[in-house]
Each structure stands twice: as C-alpha cells, then as structure tokens.
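In this document, chain identifiers A, B, C and D correspond to the written order of the chains, with residue numbering beginning at 1 in each.
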Amino acid sequence: MTEREAANVRAIGFVGLGVMGGRIAKRLLDAGYEVAGTNRTRAKADRLVAAGMRWADTPREVAASSEVVITMVTDAIALRAVTDGPDGLLAGLGPGRIYIDMSSVNPAASRELAARVEELGASMLDAPVSGSVSTLEEGKLSVMVGGDVATFERALPILRAIGPTVTHVGGHGQAAAMKIATNLSLAVQMLAFSESVLLAERSGIPRETALHVLLSSVIASPMLRYRGPFVLQQPDEAWFDVNMMQKDLLAALEMGRDLDVPLPSTAIANQLLTAARALGLEKKDFAVLFEVLATMSGLHET
Amino acid sequence: MTEREAANVRAIGFVGLGVMGGRIAKRLLDAGYEVAGTNRTRAKADRLVAAGMRWADTPREVAASSEVVITMVTDAIALRAVTDGPDGLLAGLGPGRIYIDMSSVNPAASRELAARVEELGASMLDAPVSGSVSTLEEGKLSVMVGGDVATFERALPILRAIGPTVTHVGGHGQAAAMKIATNLSLAVQMLAFSESVLLAERSGIPRETALHVLLSSVIASPMLRYRGPFVLQQPDEAWFDVNMMQKDLLAALEMGRDLDVPLPSTAIANQLLTAARALGLEKKDFAVLFEVLATMSGLHET
Amino acid sequence: MTEREAANVRAIGFVGLGVMGGRIAKRLLDAGYEVAGTNRTRAKADRLVAAGMRWADTPREVAASSEVVITMVTDAIALRAVTDGPDGLLAGLGPGRIYIDMSSVNPAASRELAARVEELGASMLDAPVSGSVSTLEEGKLSVMVGGDVATFERALPILRAIGPTVTHVGGHGQAAAMKIATNLSLAVQMLAFSESVLLAERSGIPRETALHVLLSSVIASPMLRYRGPFVLQQPDEAWFDVNMMQKDLLAALEMGRDLDVPLPSTAIANQLLTAARALGLEKKDFAVLFEVLATMSGLHET
Amino acid sequence: MTEREAANVRAIGFVGLGVMGGRIAKRLLDAGYEVAGTNRTRAKADRLVAAGMRWADTPREVAASSEVVITMVTDAIALRAVTDGPDGLLAGLGPGRIYIDMSSVNPAASRELAARVEELGASMLDAPVSGSVSTLEEGKLSVMVGGDVATFERALPILRAIGPTVTHVGGHGQAAAMKIATNLSLAVQMLAFSESVLLAERSGIPRETALHVLLSSVIASPMLRYRGPFVLQQPDEAWFDVNMMQKDLLAALEMGRDLDVPLPSTAIANQLLTAARALGLEKKDFAVLFEVLATMSGLHET
C-alpha cells in the first residue's frame, strides 16, 4: 500500500463500540468511510448499523475485511480478549494492513503487541486520545500516535478525520506513554480545583459562584470546564471512573519509578483516589475527588 | 452618586502603574475615561502620560481629583504605603467616592481597609484579577469583586472596561479570598504539568513534542498555554515569581487551617516552591517548579 | 553569682504548675530545693503546697524571692500573661538572677524575651523539654537549652535535677528551634505508624497484634511506645492535643520557609491535622491522626 | 513430629548465608543446633564452616538432611532460585518437615509458596524479622510469624533462639504483610528525621548537636539510634539500600491500593526514594533520604 493508496483507503474496521469507540466510528462513517465493526454486546451497535456500519461477528472478520483496523477498548485485559484467540483480530490481520490501537494501555504492553503485529507483516500504531466524549463532540480531540513514521503517514487521513489534532510522538508505545503522562495532570488538576472550590466555599462564597469564577479564570482547562460542574452534581454515569483513573496513575507512578522521575503531586492524588475507593466511590467519575476532600473537611459529618 | 451618575463617571484615579496596573490604566484611557495616575517611579508612567493620562504627585492628589480611584500594587506592605500617611490615598478620599483595590492581599487585610474607607463615607471594593499580562492583552481578564452590591453596580461599567468578565463574589475581602483560592490551582497545575513533561521526556519523547501534545490536550488551561513553554526557556523577567506565588500559597494554607480545609496538593507545591528558593530561583517565574523537579530527577547532575 | 554559688542555689521559683510544670516542680522539691510557685488556678497547686512548696500570689512575687525562676506555660500568649504587667515575672526579676523558660514558644519570641531579660541585668535560658508526662515519670526527660554558656553552666545542676539529659544547643531561641524541629518528627512518626497499623489490620492481622509487633520492632520510639496504644483507645485527656501539635508544625513550616528547608512529610502531616480539626477532633491527643486516616479508609462508613 | 519431638529438633538447614542469614545461622550454632547450610557464593560460608556448620552443595541437600530448613535471601526472585528446580529446596523437602522463610517477599508470593510446600506434606512459616544487623547483635530481633498455629508452636524454640521476640501474627503471608507494614514506618521516620536535622542545622545548631538532642529525645526509635548517625557519614556498605526499601514501599503502596488504605506519608517517602535513585544513590543505605532533602535545600549547590 503506497501513500497514494493510503489516501484511498475506504474500508475501515472498528472493534469496541462503547461510549468513545462508537462515537469515533460514527465520525468515520460521517466522513464517508466504509466501516465494518463489532462489539462485545451487539445492542450498542444498532444505531451505527442504522447509520450504515456493517456488523461483523468477530474481531477476526473485522480485520480480514478492512485495510485499516482500529481497536478502542477499556484496558489491557479487554484488548487481549479482542486481539488473541481463533476469533481474534490478529487471526484476521494480513500483510500490509495497518492496525491502530486507540485504547489506553501501558507502553510495555503496547510495544509487545506491536512486535506480534509486525510478525504478521502488518504495522501497528498506538493512538490514544486526550479528551472525553464532549471533546470529541466539539471536534477538538487530540490524537497522539506512536509507531514508525511511514505507517503514521499512511494512517494520517483517517486519524485526522477523528482528531483533528494528530501528533506523532515517537516509536511504538510512546503515545501510550504520552497518554499516561497527560492523564496524571487530569487527576492533579481536579484535586487542586477541589481544594480551590472548598476553600472559597468555606470563605463564604457560594459554591456556584466559586465555580463560575474559577471556570472564567486562567486555570480553566477544557477538562475543568466540563468536569468542574460535577462538584455541584455528580453525573449519573462516570465518563472516566476512579478505577480507570487510578489505573493510569499507577502506570504513571510505575513509569516514574523506572525512569527516575519523582511525581509528588501524582502520588498524593493517587492516595486520595484510594480514599475514594475506600469510601465506596470507585465507580464514580474521578471528579469525586471533591467528595473525598469534602469528607476530610468534615462536610459530611452529622 | 446615583447609578445614573455612576454610568457617567469619567474621572478615574489610578495608583500603581506597574506591569499590570499600567496596562489596565491604558485600557481605561482607551475606553475614553479621564485618568489621573501616580506611581512610585515616575518613569514607568511616561508612556501613559503620552497617551493622555494626567500625572499626579501623590496618591492623595489622585484620590482627591477622582470619582473612582483604583490601586494595583504588589502586596499588603506596598498597599499600606500608598493608602496611609499624609500623602496617602485615604487622606484624599471624600464621601461618596468609590475605592477599588485590585492588588492581591489577604482577606483580613482587605476587610480592615474597607472598614477604614467606610469611616470616611466612601465605599471600597476588593477586585483582584485572575490572569496575567497576556490574558489582559487578549482581553480575557476575569475580575472578582468583593463588597456591597450597590457599590459593585456603580463600579460595574469601569470594571467591565477592564474585564470583560466581572463577577461579584461576596462581601468585603471575599474577592481577595477567591483570588487566593484560584492561585493555589495555578501552582499545583504547574507542578503536575512539570511531572507530565518530565515523565514524557524520560520516556523518549522530545520535550518540544511533549509540550505540543500537552498544550493540545484537555489539560491545557489558559495559564498552561502561556506558561507551559517556559519549560523550554525560562523568561527573562518573571510574570509572577516564586516569592509572590509562595506568598499566595501561604495565605491559602493559613486560610485552609483557619477554615478546616485540608489542602494536600497545595501543601506539596508549596514545599517545592521552598526548594526553588533554596536553589536560588526565588526571583524566577514560578514555572521554575519544572527546574526543581528536574533537579530532583537528577537532570542537573554532572 | 559565681559557679560555686550557683551550685548552692536552693531557692527556685516556678510559674505554671500544670500537667508538666507541676511534676517538674515536684521533682525539684524531691531533689531538696526550696520552691516558691504560682499558677493561674490555685487548686492545681494544693498537692505541691502539701509537699512543701511555698505559694506565691503573683509571678512577680515568685521572681522576687528566687535566685532562679522557671516558667512552664502553654504558649506565647500564656507566657506573655505571666511575664508582663505590674504583677508579671519581669517586674520582680533582679540583676544577676536566672530566668529559665521551659514553655514551647517560637524562636523569635524567645529571643525577644531574652533581650528584655538582659535589660534587667538578668540572664535567660530557653529550655523546652522533649517528652511527655510518662517520660518525665520514668526519669528520661531530655532538656534542650539555648542561651549563653556561662548561664547554662550556672543552671546546670537544676536542669539535671529535671532532666537527666541536658544539652546546650546554642544561643537564645535555639533550644526553642530544636524543640520545634523535634516535634515535627513526633507528628510524622504518628502518621506513619497509623498507616502501618491500618495496613496490617486490613491485611487480616488483629489491631492488637499489629500494635504488639510494631512496638517490639525497630520503629518503636519512646513516643510510639506510650502513644501507640491510643489507636486502641483514645485517652480521656489529651497529653498533647491536635491544636498544640499543629501550632508546632506551623512554626516548623514557617521556619522551613524562612530557612529554605523543604519539609514534605511535615506538610502532609499538618494537612491531616487540619482534617482532624475539621472532623471535630481538635481537642484530642494528636494520636487521633489514626482516626483521620481511618475515616479516609472508610472505616467509619455506615 | 510431636511437640516433644520438636523441642528435640537439632538438625537445621540454612539457605542464604549473607549479612543477616550468616549471623542468624551463627546464633543457631551458638545455641547448640546442628546446622547444614549453603549459599550462592561459598566464600561467605567459610567462617560458619569453621564454627561448625556443615556445608551442603545445594538447597535440595540442605532440605533433605534437616528437620527444619530456613531460607533468608534478598527478594522473591532470589527465593525462587533457591526453592525451585532439580537442586531446589522443594525437591528435598519431605513430609512432616518445616520450612521457614525469613526473606522479605510480598504476601501473595509467600502464600503461593506455602501452598506448594503443603502439597509435599510439609508445613511452611513466613518469618521475616524487624531489625538490622545491629539489632540482631544486640539480641533484640523481633520475628513475626505467619502460618498455622501448630507449626508455629513446633518451630517456636528455634525462632526464640533467633529472636528473642517472636509473635504469631496470623495465617500464611500475614507476617510478610506485617513486615511491609512495619517497613513503611522506617522510611517515613527517616524522612521526618532528615527534616528535623536540616531544620535544626539551618537554625544555627551544629548537625552533631542536633543529632545528639534528637537521639536523646522521644523520637529516638531503635532504627534512628543506629541509622541517625548516617546523616554525618554515610556508611561504606548499605545495611538496607534505596532499592530494597523502595521495593518494600512499592509493596506497601500496592497493598494499600488493594485494601483501600490511603498511605500519604508512605507515598511521599517513596517519591523521595525515586529522587535518590535519580541522583545516583540507589545503592546507598536508605538513610540517604537525608541527602535528597539536602539537595532540595540547596545544600549541594556550588
């Protein structure tokens, strides 16, 4: 497949049609790509099928019928479940194909998978995203890509259709590393924001007003703009729950230890996520760090 | 002075024409206000005088000739120097006038000053800003205001000319409190960002690339967008130096202690600012937290 | 007063006959000294009077009738209350006398008081102790002394009667500094111990067993040996409460800031003491840090 | 083997004759036991052979000829190397024998090994010690024991000959857990102690004096009494190096995460151990935390 051909790639496969995956698949359909997809539970795919996606029964089938196949699943275990085995993606991946993993897994796992893909004569990219559902819907997703440059360039049109910001950060696993390095700032920003809100509130400023001022200030990252309001009302469904965030912080802390980078604010945020779990909040969005701090402030005392 | 009259206020006094103060005075001149101003060193006022500002020799003169007088100085000590004494602002402040302090001082000091202003028959607002020179120049400054509602409404047109975002957060001193609550997030965000950059860099990603990805991601607060690049090159002149930031964090920690709000991430960031001082970096912009972490990571080992 | 005379000092004055002060005065009586004493509430002195102490109505009287006068009060405010004013200790302090302050106050306040004592022709020592009631009763108290060497040597026999360990650490205020530097380790050791106990308990080891093992191990400082059992049962009366400990940590953090010493573990322990206050535990012994951590671990969830 | 017989056990095997293991084996020889032992490098066993120990070439031989066999190696990897394979300890372990592992491994690994031992009809105890070479030499070692009560009682005479303090803390792996819970306090106490020393020193008190006062105070745990002087002079050989301590802290943090126990002071100490590694100090005794803090205090600035 030459670059020219790459630009002409139309057949894309998609494995993992959850909250994020489903929306990305939809963007690709909207951009005119032919998409074949599969998911653990078929019901979640109904709307995509209605929008023109072709359903496939197994990851293997998806891979076999696509020039480029994408996975977007929860974690390393879920990834292994869709890549391995007789019905797995690798079983259907032919020479010359491109496999893009958009899941968040640790760098080592990603590099190991890339090596297995190369043995099949195909090429892999790790391409996690920074951002959440709302970022995607606003068309402001940032995609980090790890892998060789040639593969990156072949996949660029597709990645741009998802993005729009797409950055090649380095070799295999380095986008996974970049994602983890990014996510530690998410958790710490949320912790600091919670400290800001509680301190303002205890000073006599209504929580809503404090929120308004903080979200109009220079600390208002896109993440805080959508997650900040959760301190008024936790969402029904977590966008990124305590367990998922802690998984990323543990990966960051492990990397920090291996690479000799002290991560003091990450370490503290991680301990407060443990407190969140201890308080029974592990399935809540990680913005629940505010509740942990509120508990430590005696706010939930009777 | 009625609201109607307030809308017609044209004579504004300005004390403190430094980096921020000078630019705010300029905005008011540009908005058509008559501005009389003074500053410790006259040279800094030359450009403003050229732009139409009337120079006054003392804060007292500024106050005496203005319907609304504004101060914007470094800290509580500098504020006392311009408000007190025979040539001080309070000596010139007549009944019915409005005094707006835009400096960052602690809530208690601000409340005490407001009481003295009221004894003169005038009204005070504490109106610190969130943001830096670049925020101001982009016209995106956020002004928090403490004081009574009537005075706030009278001053609103002027504050909007500075802002544009203006929020009344509560009574006297509460805007000062809000500012301190906001600034703790600045320091912690910068620390977390430094952890993100160093971790990415040690993973093999070039620092420039890591910066680019992080500043395209959902963690990119306005503060990080202008201060993030300082990890490549510290600026010649600090916008907000280690000492100034630590002054705010100490105020936050003292408030947290008094109001029973634990501030774990603030406490850690504050210790790293102490390390910055110990390393001789107290006059650098607080973005130098990156250098502290780099030192702890052995980056400056020989 | 020569050294020879000093060895012959028999008349000692004592101001502040609380939990520690009363027991120290008793030791001096037991050692054969003539002790005149006073206290805010006379009732606390009854047992001492029965044991031979002469009651005096004011600190001034105590000072006037003693060659060496000692104070042992709660904090800087209480100290000022007994030293200043017409009935205060300084009003009765004559030339050549020695004044020993065993209270815990900050170094600057201690140095200032020493200067006032010297103006009267007398000499001061700051002599805080490390240890608690039980340490005293076991005869294992350690006394740190700040002030000039000559005065120190004159006072040594008396200090040894209290001690027995007595160390001259430096000039005025430096024993106060040494005390604060010591106390930060008390708080942090208690926090770490609480982490050890809770982790062991959650692993399935009974709390009593964990306690027994930890207190037989190399981490068992004298402080932990008497305070450790508080994790089973908080004492009725605090030996050193959250507010007192936090006062010392705040002094340590302020010194650390002024002297460029980052104190990361102190900063964290201090935040958890704030949480203790927020949870309504400020009057409990600081060993209640265990309860704060237990709350964060969900132990008190219903 | 009945209890009566147990009391008569004379043949003990010992695998791992390093700094601690060698000294423990010596104690057993001194107590009149017949000891057969082996070690990776034979040279280290020479003195023991001279003292009456019988050398064996493999762990299998040691186990085969002993009623009770003990291992004392560095970590889980070293343990696996002596237990597994054709020449491994398990290959020589017969029914009714007792195997005591005194290494520090994580609870899960210890439980897994215990299950394999039981399949052979033998019984295992995990019996890590708290304390270091000097504690052992002073005869003050504390041994924590995990495993079933019957086996514990049979092994008690031998464990007491090592101890003298021996505590049964619970089932398989729980002594390993207790050891990890204990060691986190070692690291945090050393960090707090370093903060105390540096703060005192910067206040003008000579480091030696500060050390003397602190080690006479109620914070002076046995660990600090032998390790405290390292802040004056790091030892030539680490007793417990940064890497070993960090291994234990990582185990503690992992347990804390799994068991919902936040460990804030442990998390901070761990980050400073990472800084120690980054500064090239990973092979130094963990007391080198003092040097990390000194670096952050600008003490090593030029």
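The criterion applied here is as follows: a contact is a pair of C-beta atoms (placed from the backbone, for glycine too) under 8 Å apart; a residue touches a chain by one contact, two chains touch by 3 or more.
Quick caveat: nothing in here was measured; it's all calculated off a predicted structure.
Asks: Chains shared as neighbours by chain A and chain D?
Replies: Chains that touch both chain A and chain D, as defined above, are B, C.
Asks: Could you check which of B-D, A-C or B-C has the same interface as A-D, with more than half of the contact pairs identical by residue number?
Replies: Interface equivalent to A-D: B-C.
Asks: Computing the C-alpha centre of each chain, which chain sits at the greatest distance from chain C?
Replies: If we average the C-alpha coordinates per chain, A ends up farthest from chain C.
Asks: Please report how far chain B has to rotate so that its Cα atoms sit on those of chain C, a copy of the same sequence, as a value between 0 and 180° in steps of 5.
Replies: Fitting chain B to chain C on C-alpha atoms yields 180 degrees.
Asks: Hey, how far is the Cα centre of chain B from the one of chain C, in Å?
Replies: Spacing between the chain centres: roughly 42 Å.
Asks: Indicate the whole-number Å distance between the mean C-alpha point of chain A and the mean C-alpha point of chain C.
Replies: 54
Asks: Quick one: report the Å distance separating chain A from chain B, using the average Cα coordinate of each chain.
Replies: Chain centres of chain A and chain B, defined by C-alpha means, are spaced 36 Å apart.
Asks: Could you tell me which residues belong to chain B and also touch two or more other chains?
Replies: In chain B, residues 256, 260-264, 268, 272, 275, 278, 296-298 touch at least two other chains, as defined above.
Asks: Going by the contact rule at the top, pick out the chain C residues touching chain A in the complex.
Replies: 264, 268, 275, 278-280, 292, 295-298, 301
Asks: Could you pull out which chain B residues touch chain A in their complex?
Replies: Contact set of chain B toward chain A: 107, 130-132, 135, 142, 144, 165, 167, 169-171, 174, 177-178, 180-182, 184-186, 188-189, 191-193, 195-200, 202-206, 209-210, 212-214, 216-224, 252, 255-256, 259-266, 268-269, 272, 293, 296-298.
Asks: In their complex, what parts of chain A are in touch with chain D?
Replies: Contact set of chain A toward chain D: 246, 250, 253, 256-257, 260-264, 267-268, 270-272, 274-275, 277-278.
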